[in-house]
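Next come two complexes, and both contain chain A; in the first it sits with chain B, in the second with chain C.
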Partner chain A sequence: MKILGVTSCPTGVAHTNMAAKALVKAGEKLGHTVKVEKQGALGIQNRLTKEEIAEADVIIFAVEQKVREENRFKGKVIYKVSVSAPIKNGVKVIEDALKLI
Partner chain B sequence: MKEFLQDLKRHILTGISYMIPFTIAGAVIMGIARVGAMAYGVTDIWDSAHSAGAGLIPFFHTLDGLGGLALNLMLPIFAGYIAFSIADRPALVAGFVGGELANKLGTGFLGALAAGIISGYIVYFLANSIKLPESASSVLPVFILPVFGTLFTVLIMQYIIGTPFTALNNALVEWVTGMSEGSSALVLALVIGGMVGFDLGGPVNKAAVVTAMALISENLFIANTAAQVAIIIPTLGYGIATIVGKKRFSDEFVEAGKASFIMGLVGISEGAIPFTLVDPIRMIPVNVVGCAVGAAIAVSMGAVNTIPISGIYGWLLVDKWPVYVLGIFVGALIVASGAILLGRGFDSNEADEIL
Partner chain C sequence: MMDIRAMITENTIEFDADLKTREEVLEHISEILVKNNRANNKEVIFNGFLQREKEGTTGIGLQLAIPHCKEEDILEPTIVYITLKNPIDWDSLDEKPVKVVIGLAIPKKYEGTLHLEILSALASNLMEDDFKDKLFKINNKEELINFLYKNL
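On to the complex of A and B.
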């Protein structure tokens, strides 16, 4: 499965990165490729490309903020959780997201 | 309903996240002015009497005003980006103007919060309910949404919620001012400190930090002092624990401890999360006690932090910084001893799963 993620938190320095790392790690464990865009204090890092978004099976928003440039994801299957959810249990977040497909 | 509230929380946090840099820039510039003025024995540099004076005093007076400029943008930015989060670009103007009106009316943070939410939903409603023929559709974003979004927002602010919110804000300010003395200050510090330590960046922590930040805009600093002391206590505490009690931690946690300590010094609370997740039943109370006691020590001994910064680079701008730092280290030592003496599972495999 191709899974994408977007993470953000109010300060945009710690939770954003931790959640991104947790999603990638949980994806590896379950055998899925996961790429995560971080919308932190420095702007958008590791930006998801148009092609990646088009090919993705599901997109996980682990966000505490408005998703920047949200219209890129129009029509995609989106699973929205708080930014702390993947930090606590990344595997469960990915499993739940895959149930939406 | 639950979904709506979650979205609303996200909108408010968006507003706060855009507001934070303004608060920090303004408060630090004013802090520099204050510390600089102290070198001349001046403790009320904002007083207009200091626009003339010896040496650098007029300069510091001007600097204080310039910092205030950034600080005064707090409410407009806050309201503006709440509206932006709700209804995107067309709502920004209504939110900004509504927030500035909150400044003028004296409705404070609560009024700005209301302005942001109201303007956001008004624009959202207008954008989704007005249907124009294709050929005229551009009238909506360039004319109708900015003009009527702003007009409705300022009218509601001015004539409906202005007066009650100003009264509410004044009552709150009075209440907290009353709590700023003696034993109630201690209670306030304990509560705010404990809340910050409870879930490290979660909803309870945010409620405390946001309250503290709202009170800064009213020139009330006890809650902020308590919050800023508490924010870095767990991270520093676990860092110290992995240095002092190395044997009780797996290699991965010793590494994480070093990272946690450095994150603590620069004012990031999240380094403590992996440690807390291993043994939440024991570590959450330890965090709460450490944060509450540390905050209470700093506040009761008279430290005042006017800046929403908890990292080491803000310490010297704190009034009575030695007791402030004392509070931080006592709190951190409580967390460190709690982790070493009570913590379970820091050396297990399960722990490595979390990291």
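On to the complex of A and C.
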């Protein structure tokens, strides 16, 4: 499965990065490659490309802020959770996201 | 050029602190910041930390909390590292008490982004069991700073 993620939090330093790492690690555990775009204090990092978005089966928004340039994801299957959710249990977030497909 | 040794010093590390509540820890971190001329106004900083907790706990589970605040009264980007004598309740994601608190103080306006990159790297690394286990075992200030310097 092609899974993407977007993370953000109020300060844009701590949870944004932890949630991104948690999603990637959970993906590895489940045998999926997950690419995560971080929308934090350093701007957009690890930006998802048009092609990646087009090919993605599901996109996980683990966000506490409005997603920047959200129109890029129009028409995609989106699973939205709090930024804490993947930190708490990344495997569950990915499993739940895959149920939407 | 800034490196992590400008952000965490022996004065911003405390082992076995005898603190009993989340509020006490946040107040203590605010005191350390002001005492070391890294922030101006203890009340503002303390409130900044409290406000962030209200938006969602920074107790991320596995005994760790990473309270943070971003205020104009913060003069220097700073990491305050505290281990607690007795684990305390932090409303953590895993509902377990907290033993290690890593406070991040972030100036609102600051030239350059290197400190943000270092703090971001620290946050990411804290999700790695290996990094976290090694970090938590250190009980010497110099060793702690060196470990962070080498691994971030």
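One rule holds in what follows: the second predicted complex is superposed on the first by the 101 of 101 C-alpha atoms of A that agree within 3 Å, B and C clash if a C-alpha of one lies under 4 Å from a C-alpha of the other, contacts with A are read in each partner's own complex, and residues count from 1 in each chain.
By definition in this document, a residue touches a chain if its C-beta (ideal position, glycine included) is under 8 Å from a C-beta of that chain, and two chains touch if they have at least 3 such contacts.
Keep in mind that what you see is a predicted model, and the values were worked out from it rather than measured.
Trainee: Judging by the criteria at the top, classify the pair chain B and chain C on chain A as clash or fit.
Mentor: After superposition on chain A, which the two structures share, chain B runs into chain C.
Trainee: Contact-wise, after the overlay, does A:Lys2 reach chain B, chain C, both or neither (first, second, both, neither)?
Mentor: Touch partners of A:Lys2: none, neither chain B nor chain C.
Trainee: Quick one: classify A:His32 as touching chain B (first), chain C (second), both or neither.
Mentor: neither
Trainee: For A:Gln65 in the superposed arrangement: first (chain B), second (chain C), both or neither?
Mentor: In the superposition, A:Gln65 contacts chain B only.
Trainee: Regarding the shared-chain residue A:Lys88, is it in contact with chain B (first), chain C (second), both, or neither?
Mentor: both
Trainee: When the two structures are overlaid on chain A, which partner does A:Ala20 contact: first (chain B), second (chain C), both, or neither?
Mentor: second
Trainee: Comparing chain B against chain C, which has contacts with more of the residues in chain A?
Mentor: Touched residues of chain A are more numerous for C.
Trainee: Looking at A:Leu42, would you say it contacts chain B, chain C, both, or neither? Reply first, second, both or neither.
Mentor: The second partner, chain C, only.
Trainee: Running through the overlay: 61-69, 133-141, 169-177 or 223-231 are the candidate stretches of chain B; which one clashes with chain C?
Mentor: So the stretch of chain B colliding with chain C after superposition is 223-231.
Trainee: Enumerate the residues of chain A that count as touching chain B in its complex and touching chain C in the other.
Mentor: Common to the two interfaces on chain A: residues 10-11, 13-15, 18, 64, 84, 87-88.
Trainee: Okay, in this complex, where on chain A does chain C touch?
Mentor: Interface residues on the chain A side: 10-11, 13-18, 20-22, 25, 38, 40-42, 64, 82-84, 87-88.
Trainee: In the complex, go through chain C and note every residue touching chain A.
Mentor: 52, 55-58, 60-61, 66, 68-70, 93-94, 104, 106, 113, 116-117, 119-121, 123-124, 126-128
Trainee: Provide the residue numbers of chain A that touch chain B in the complex, in ascending order.
Mentor: Where chain A meets chain B, its residues are 9-15, 18, 63-66, 84, 87-88.
Trainee: Can you tell me which positions in chain B touch chain A when the two form their complex?
Mentor: These residues of chain B touch chain A: 9-11, 13-14, 16-17, 20, 84-85, 201-202, 206, 263, 268-271, 273, 277.
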